[in-house]
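Shared between the two complexes below is chain A, which has chain B as its partner in the first and chain C in the second.
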Partner chain A sequence: MKGRVAALALASPLALILLAFLLVPIGTIVVVSFFDYDSVRMFPAFVWTNYEELLLSPITWKTYLQTLWFAAVTWAICLAIGFTVAYFLAFHVHSALMQTVLFLICTIPFWTSNVIRMISWIPFLGRNGILNSALLSMGAIDRPLEFLLFSDFAVVLAYVHLYALFMVVPIFNSMVRIDRSLVEAARDAGASEWQVLRNVIIPLARPGIAIGSILVVAVVMGDFVTVRLMSGGQSASVGLMMVNAMSLLQYPAAAANAVVLLVVVLLMIAAMLRVVDIRKEL
Partner chain B sequence: MVETKAGKSKGIARRKLLGGVAGAALGSGAVTGFPTIWAQNIRNVVLRQFGTGVSNQNAIAEKCKEDLGITLQMTALDSDAVTQRAVTQPNSYDIADIEYWICKKVFPAGVLQPMDVSKIRLFDKIVPIFTTGKLTPTSTIAQGTAPNTVGFVDGPGSTRFASAPTQWFTMIPTIYNADTLGIRPDLVGRPIRNWKDIMDPAFRGKTSILNIPSIGIMDAAMICESAGVIRYGDKGNMTRAEIDKTIDFLIQAKRAGQFRAFWKTFDESVNLMASGEVVIQSMWSPAVTAVRSRGIPCVYQPLEEGYRAWGGGLALAKHLRGLQLDAAYEYINWYLSGWVGAYLNRQGYYSAVLETARQHMTADEWGYWMEGKPAQGEIKNPQGQVMERAGAVRDGGSFEQRMGAVACWNAVMDEDRYMVQKWNQFIAS
Partner chain C sequence: MQGGRRSRAFWPLAAFFGLFVAFLYGPTVTIVILSFQGPEGGLTFPMRGFSTRWFANLFETQMVGDFGGSFLRSLILGAIVTVITVVVSFMAGLAFRRRFPGSTALFYLAVASLIVPSVLISLGIGLMFRLIGVDPAWWSSGLGAHLTWTLPFGLLIMFAVFNRFSPAYEEAARDLGASPWQTIRHVVVPILLPSLIGVGLFGFTLSYDEFARSLYTAGTFNTLPLEIYGMTTNVTTPVLYALGTVTTAVSFVVIGLAIGGVVLLQRRRGRG
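Then we have the complex of A and B:
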């Protein structure tokens, strides 16, 4: 009995915080998503029009597909980079000190704000930017490359730059926990480097890969600043749709979109967790 | 304690006395210039002003404190946030600094109160665009949400806009201007005369328009009409068919790669132009100045079809009463009395009462900013930075030439919701 009280007492602070700052706001969003609205105000009601207008509009589907595409491309590139960097740190750098130093170097970009790191790409990639000027003066191109900025390329580049570390950290964390004797045993049993990687390291690094994937996908799905700045306002994302709706005081429409996005992201995460049981493998 | 009491009774006595005097003065028609009724108490009043335009200018708040003793707490927000807050948090502000098209949305929500024009000393001197809608008796009223169409309501408690001037004025104009396209004269390589020139294939991938639906659609309308794609009944209040046609035209241009980017904030437009990413785009007048101040040539090009105009004003919150309301009227009267007008004119905006503003400007400043005359000496902004050197002439010329050639005002349409859906489709396409 005493144990139960203590357990409840220990769990209650977090439970209360989650209740107040997670469940109540999400509940509010769900409630508001059924409200009706005009050009300046919203009215308590229970209508499905917000969902109907959202789900029956081809723009919504297009935007969701576009966002999913951004998420998929970013995820794939982040995974490739994240896995390689983590693998190098965990298996090719032998001293623990050096590992820590190199790992800290990876985090240095995070000392400046997201927005600044993103904006600094703009003068670099622009028509008369540093990259184009350099390529022109080297004679590699005879006219500026315009796809570099205000394009899907620029958006994905910024995403990868911003979020690759989200992939490095958990994968690295999983890899350093791998018992080295397993790798040795595999080698002794005659496995090639490739076989070690495929049959030992990747399966054991799966929880890290899953956590990194969840982080990257969740962040990209909800983003709007990167898309707006790097596409020069020419691309859409689900987040931007919501911002646009809110800026026109169409809160219920934005709330409905938020609920749909939440469901989509939760489904994606559920799918990932079906592939990898994080808790079992940690 | 004793002192406060004494102060109060004195205030009341003054009020009674002045009431009598004011009555007499009204009779004789010499209303202007009587001493401030609440002068003693007003010094302690705080007015919370929020909005887009002049609320960005702390110098006005400082001068107001100095001259009247009223403390203005300024909060600057973008126009979307202003609309939201004006409607949803009506007790969080005392004075709303909003644009006329925002007024059309916000006033009917019953969160603002109209002003009694008899308490505004210089009401008769306000530029007639805001009262009758006509700059000169012969001019025609432009399309869109022209300020005079939302300038008056029927009575003190009314939220219905009156079709002709009444005693109840919704907003005191603060700043207004005539917008057009900005160009890089060194990079366009040909004269620019019409709005449709932005769609010239020669500028493929080097143009931009602004991505604020309610304003962007007006620029788009100017472009479409100029290109002969469509002839609008009223650009400021399009039908669904007109919206469809306009957006289809934009989508085609976007697919063909005509646009480099769409901008949403002032600094984005400056950077696009200054970096040479675009050579012709929608622009606001201070952005042109900002590009030029970097030593990069930039012209605010007058176009044959005319300008797209915008304007903002100060409106009173519904909850204002008593001393605070009196202080607000005092502030507004001070606002029109000249110093602020000159301060705003010197930034390239226009102000509500030109006559008093002129008294606070030099002849050269007045000639350059308002009369389209070549500058005699250096023209400086209110911060003392040199804006133009001797010989410079303002793009577009005089006040009458610019404000007299307004084709439409920023507007909010009856089909607003549909327009925004279509605009989002354009951005997503």
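Then we have the complex of A and C:
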């Protein structure tokens, strides 16, 4: 009994902070999404017009589709890269020290600024950038490629650059916990390297794949910075739509969009969680 | 295991890994080089000479907004976030070693905090402050917004740590007559110190670099990422890269200090 009270007391700061800065704000968004507004301010009300305007506009649907498309492409590329990198680290680097060092090398960029990491693509992808100059001097192209910077290509490239790590870490984490004797047993039973990967490692790495997928999808679905910076205003995302509504002081419209986005993201995550119980994996 | 037993897949995979690392670091290395661009140089290669004038430009307020002020605010905010994240995650980690009323709900709330899009949290806190009639500021709403991002990371790290932590140490301390506080102060904290440094590293760097969660919560005065974002739209000189170099250097110093601290602790422990 005493232990439970102590545990409650120890957990209460976390609970209070999350209550005040997560639950109440989300509640606020839901409440405000029913408010009415004019060009200067919003008033408390209970109207469905914000949702009607949002859901009846073809732009909304187009934007959601575009955002889902970004999420899907980014997810697929991050999964391919993340799995390969994690597989290399977990099964082909045998010294524990080397494993830690290489893992840290992958992790360090995560601790630096995202905005700066996006900007750092400019000298690479720009009209006179490194890539175009290299291709020109090799004679592969005869005039600079325009689609490299400020395009959907640049957006996806930046997403992968920023978030591939979200895939590497959980998959690596799942893989290092795979019992090596299972792999040995499969080999002894005559399985090829590919069969071991296909029938032993991939099924056992599934929790990590699911967690990585959730992180990547969630972060891309809510993004607006990358889309704005890397598409040069030529592409849209749901997050950007909200931010634009906010800058026009249409808070209830932004709030309604936020509620819809939240529902969409939570449904996607619920679907992915059917594959894995994350609490068991920690 | 090393040497002879490398499979045929090793070298292709190693090459892939090398490319991945080049992909991760290449752009950053490029802007570090370009930030030393000569006075006549532009945003891309070639380098037209070599100078540190873009770094000097950073500190002239009228040139590029409020670099110094926003830098200072981000450092202070990062420090506050670090302390709160370490203390609160550690406490919650201790609590979660047993079931308590609401433990499952709190766990899911923490996970939700990680996956609810940042812009939503930013928007929600901004609206909440607007409705209660308080002006948002980086040290109030901004601090709360950052904690919703750093605390779940801290909590998950503490879970992993306590899973591997043997309760035998605590039992031994208790048998020797230590009070619960003494057990934590003299046994648990020293043993877990490297992990706590890790939690602190997450706290600081995530806060120091956070953009979306600061957007509607920072109030009148920008934090550094907001300032940088503003610059991307109106600065077209290598001063942008100089700023990138400086902030990345700060991140690296912090990471280096944290990793160095952990290595030092472990070495000392190995000897002791």
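Basically, the second predicted complex is superposed on the first by the 272 of 282 C-alpha atoms of A that agree within 3 Å, B and C clash if a C-alpha of one lies under 4 Å from a C-alpha of the other, contacts with A are read in each partner's own complex, and residues count from 1 in each chain.
Everything that follows uses one rule, which is that a contact is a pair of C-beta atoms (placed from the backbone, for glycine too) under 8 Å apart; a residue touches a chain by one contact, two chains touch by 3 or more.
Fair warning: this is a prediction, and the values are worked out from it, not measured in the lab.
Asks: Between chain C and chain B, which one touches more residues of chain A when both complexes sit on the common chain A?
Replies: C
Asks: In the overlay, answer first, second, both or neither for which of chain B and chain C A:29 touches.
Replies: second
Asks: For A:222, decide between first (touching chain B), second (touching chain C), both and neither.
Replies: A:222 sits against chain C, while chain B stays out of touch.
Asks: For A:20, select first, second, both or neither according to whether it touches chain B, chain C, the two together, or no partner.
Replies: Only chain C; A:20 stays clear of chain B.
Asks: Is A:109 touching anything from chain B or chain C once the two structures are fitted on A? First, second, both or neither.
Replies: Once the two structures are laid over each other on A, A:109 reaches chain C alone.
Asks: With both complexes superposed on chain A, which partner does A:126 reach: first (chain B), second (chain C), both or neither?
Replies: both
Asks: Touch test for A:95: chain B only (first), chain C only (second), both, or neither?
Replies: The answer is second: A:95 touches chain C but not chain B.
Asks: Scan A:249 for contacts with chain B and chain C and give back first, second, both or neither.
Replies: Touch partner of A:249: chain B, not chain C.
Asks: Please indicate which partner A:154 is in contact with in the superposed arrangement: first for chain B, second for chain C, both, or neither.
Replies: Neither: A:154 stays clear of chain B and chain C.
Asks: Report, in rising order, the residues of chain A that make contact with chain B in one complex and with chain C in the other.
Replies: Overlap of chain B and chain C footprints on chain A: residues 122-123, 126, 128-129, 246.
Asks: For a test of understanding, state which residues of chain B touch chain A in their complex under the given definition.
Replies: 80-81, 83-84, 87-88, 105-106, 108-109, 205, 208, 211, 213, 254, 259-264, 271, 275-277, 412, 416-417, 420-421, 424-425, 427-429
Asks: Given the complex with chain B, which residues does chain A contribute to the contact?
Replies: Answer in residue numbers: 39-41, 57, 59, 62-63, 66, 122-123, 126-129, 146, 149-150, 228, 231-236, 240-241, 244, 246-250.
Asks: Using the touch definition up top, name the residues of chain C that touch chain A in the complex.
Replies: 1-2, 6-10, 13-14, 16-17, 20-21, 23-28, 30-31, 34, 43-45, 87-89, 91-92, 94-98, 100-103, 106-107, 109-121, 123-125, 127-128, 130-131, 144-145, 147-148, 151, 155-156, 159-160, 163, 180, 201-202, 205-206, 208-209, 211-212, 215-216, 225, 228-229, 232, 240-241, 243-244, 247-248, 251-252, 254-255, 259
Asks: If you look only at chain A, which of its residues touch chain C in the complex?
Replies: Interface residues on chain A, with respect to chain C: 3-4, 6-11, 13-15, 17-18, 20-26, 28-29, 32, 81, 84-85, 87-89, 92, 94-95, 102, 104-106, 108-109, 111-117, 119-124, 126, 128-130, 133, 161, 164, 193, 214-215, 218-219, 221-225, 229, 239, 242-243, 246, 251, 254-255, 258, 261-262, 265, 269, 278-279, 282.
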